[in-house]
Amino acid sequence: PDVQSTLDKRALPIEQVGIRGVRHPLTIRSKAGNFPSVGTFEMDVALPAHVKGTHMSRFMALLQKQEQAVDSTTVVALVRDMLPLLDAKEGHVQFTYTHFVKKAAPVSGVESLMDYEVTWMATAKQNATGETNVDLGLRAQVPVMSLCPCSKEISEFGAHNQRSHVTMTVALDSATQMTVEDLVAAAESEASSELWGLLKRPDEKWVTEHSYSNPKFVEDLVRDVAGRLKAEQRIQSFVVEAENFESIHNHSAFARISHKK
Amino acid sequence: PDVQSTLDKRALPIEQVGIRGVRHPLTIRSKAGNFPSVGTFEMDVALPAHVKGTHMSRFMALLQKQEQAVDSTTVVALVRDMLPLLDAKEGHVQFTYTHFVKKAAPVSGVESLMDYEVTWMATAKQNATGETNVDLGLRAQVPVMSLCPCSKEISEFGAHNQRSHVTMTVALDSATQMTVEDLVAAAESEASSELWGLLKRPDEKWVTEHSYSNPKFVEDLVRDVAGRLKAEQRIQSFVVEAENFESIHNHSAFARISHKK
Amino acid sequence: PDVQSTLDKRALPIEQVGIRGVRHPLTIRSKAGNFPSVGTFEMDVALPAHVKGTHMSRFMALLQKQEQAVDSTTVVALVRDMLPLLDAKEGHVQFTYTHFVKKAAPVSGVESLMDYEVTWMATAKQNATGETNVDLGLRAQVPVMSLCPCSKEISEFGAHNQRSHVTMTVALDSATQMTVEDLVAAAESEASSELWGLLKRPDEKWVTEHSYSNPKFVEDLVRDVAGRLKAEQRIQSFVVEAENFESIHNHSAFARISHKK
Amino acid sequence: PDVQSTLDKRALPIEQVGIRGVRHPLTIRSKAGNFPSVGTFEMDVALPAHVKGTHMSRFMALLQKQEQAVDSTTVVALVRDMLPLLDAKEGHVQFTYTHFVKKAAPVSGVESLMDYEVTWMATAKQNATGETNVDLGLRAQVPVMSLCPCSKEISEFGAHNQRSHVTMTVALDSATQMTVEDLVAAAESEASSELWGLLKRPDEKWVTEHSYSNPKFVEDLVRDVAGRLKAEQRIQSFVVEAENFESIHNHSAFARISHKK
């Protein structure tokens, strides 16, 4: 008796049903070469009102076959394969992983890795003619440095500064050529300073002086990044959020802008 | 020189700017009496395109004055007071805290506290005539027990079960009489079993047998709770999500239904 | 049939068995007055090799009776009451909660609450003559500001700074008069600057300039706090740790000193 | 002026100073083949009383060179290389990562990955004759299923069960042949049931019935795993802890045994 396939009489369709918190080893493809990472996956489908349950084990079966190097095309392929396998007309796949970029320090040029939390999201819908369209989304959380303009302005010397997170979520064409590195650059170029894993003394001097010369409120940070994303033609809509882990308080300042083109 | 009040030329309004992650001691008002808790607050306003920055310290100044026992009216009052203080036409306040309910065990009647993570949210908007309207929201995360119908059906004896979270987010009239206890009941009544802090042996027997007699897929859980919320006239719209921390896997099963009346 | 009380033949005593992650509402007693909070409790006993199991529900039964204002004496009383109730010769109780202190800003004197994560720990042992001794411990995590001496030294202007956590764990006499406020002061007085919830403009100027005039490496921070704790006669032994959430990197610098008098 | 190398007069040696929370991409070597993962590193040295500070950037410089497939020998090599680079006589390296093991389901034999949180720890000390000795440690957190013997005993049908974590920390000879898979097996073999990522219906029946036939209190779990570790000659000392995320409560039951051979 296949309990999940019996008729359901509650007249309530389910928008999303599936699995969450599944960790899977990943080889990430990037322009600078492949690197290892771990993805945390969420996979779900829409369930019509008359169907009692989905087939949970099929999500895992699909994910287990994923062994090649991944990028945006992987999440699109996964969600396309998922619909027929789950007998579904709508579905969604997303995975979050740590993305690494090798960066050169600003003065010494010494190289080290920076880490970013990145999420790829894809939603597939089958239309009346049986065609499947996929909406693609990308989120990157970029750690940067922010230095307070008010603190600089009112003080004889110094200015409080801190680590901040700029989180951008953007809608892309599913055949996009946009990379994680492109998106990260939008946040790093507008912060008081970007961060590096390894800085030698001349680099630390540069970061200190550069951030002091480039103060930004959380409002400036979110507006300046939003300006960049607005001008970027590959992005269809976006949400950008900045959070400053204030060094003078035990709480955060934050700001948020969303935009649809 | 008031840096925050200078003219901004980027033509980008900010939807939300404010503070986040602020912890504040709270006395919570409930029908069964007041109890102590701690709230984590988020307070923000909308900033028009031509204004450079908000007045961050005023959010904290407002919160520091909050010393009375709180319930839904507190978050509504806070957001109403916030708009003129921040020179804003739109604003939002929310706080998350641990809610406690004294419950009697099902057989022995022994009493103990159950804990729930609860969030009150309020958004205020001033219209053209200067009137301020407030939208009120309530979220409760209710830990319950779910027992798998498939596992029960196919097995000679036993059935896997686990802790699950049912998370309901509902829109309410800002003068609502709906309580946290009312909302929690919608989830507890539809689970394989509700939970208690303290169970004696006859209670443990009851919970074991009751849940075995009352198996629910994550799909059933989310639909049955949605059915309750749909029938509740004080709720204007809702999102309900269920997550099962599967005892046979190292990941979760989840489902989600949203509804607008 | 009382399964837990049957004879166990594995010849393996258990050092700790009990409950963990239990949230309970608390009224905290402090010199400046009582305030509401929430404790997360861990309660456990030692189990001799021949006993199969402990009585889990008795821990909860004991905790449910806790309704009075709490301080260090509460955790000592709880652990003393626990031993006979659980038929144990050794036991341990600890709870972690958010402690609030009302502080005046350094220039304006405006008052606001600062929040600290605090843990009280008590271990009771019954000796051969039936007497029970209790060891008392206190941990406080104090958020402060640290400003980098190297960055200041090498830069024409500015210096990177950030939020840091100073975590002190100290052993006290169980009849101690030492308060959380006393311990917190040891960390705040040795940081580049302490933090406040609410700062007006003249206060922000003071914090900026004070921290710039008072740079500290993570090594300095941990040594200077250790020096204070060493000189404090009410403290029998301690561990102090400092972690800087570096504003120029996406990782922390940390240091640790332990000391037994 | 090299601030970090100036003479320190506080007469306080620092046991550990270094970096924490550094994420680094890793290729993990295992018997079944290499797989990708991400490590979170902590690297620190002991600092004598007369030295003001360590050289923070050298930890990162060392880590950046780490590009080969890793196992226990990697952490030993890292800590050995670290001492001369940091001019230190004692040092410590540890990293935590997600370990994956391909497992076959118990009846269908279908293969899927299980994920475990694993930590390698190494502490190096240089003795008076200039020789460096390394102590090696391994920790694995193994998610399993536990089924309550009391619930089974007292109930007409069913028994509550839940996900549990068995966490083992073991001291090993630095030239050990012990693998993560060996250690994981000690916990999985003693649980009510081990877990799998992917189970077909006959597998789910097997897990349900197997766990029902194999009930374990948290005390049994911790004792039975301790028994295994005690008998394992490659392990010099251990701590084992079990935590049950109780399906009938909103808190955990836990137990802990430590043992030195």
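The first chain written gets the first letter, and so on, giving A, B, C and D; residue counts start at 1 in each chain.
Here, contacts are C-beta pairs under 8 Å (C-beta built on N, C-alpha and C of every residue); 3 or more make two chains touch, one makes a residue touch a chain.
Please read these numbers as outputs of a predicted model, since none were measured by experiment.
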Higher number of C-beta pairs in contact (B-C or B-D) found for B-D
Overlaying subunit A on subunit B by their Cα positions calls for a rotation, in degrees to the nearest 5, of 180
Same-residue or different-residue interface between subunit A and subunit D, half as cut-off:
same
With chain centres defined as C-alpha means, what is the inter-centre distance between subunit A and subunit B in Å?
26
Can you compute the centre-to-centre distance for subunit B and subunit C, using the mean CA position of each chain? Integer Å is fine.
29
Per the C-alpha centroid definition, the whole-Å distance linking subunit B and subunit D comes out as 35
For subunit B, residue numbers touching 2 or more other chains are 22-23, 115, 150, 197, 199, 250-251
Please give the residue numbers of subunit A that touch subunit D in the complex, ascending.
22-27, 35-38, 57, 60-61, 64, 97-98, 100, 110-113, 115, 197-200
Subunit C touches which residues of subunit D in the complex?
1, 3-4, 8, 10, 12-23, 44, 47, 52-54, 56, 149-150, 153, 217-220, 222-224, 226-227, 243, 250-258
Quick check: in the complex, which residue numbers of subunit A touch subunit C?
114-115, 143, 145, 147, 150-151, 154-163, 193, 195-197, 199, 201, 204-205, 207-209, 211-212, 245-251
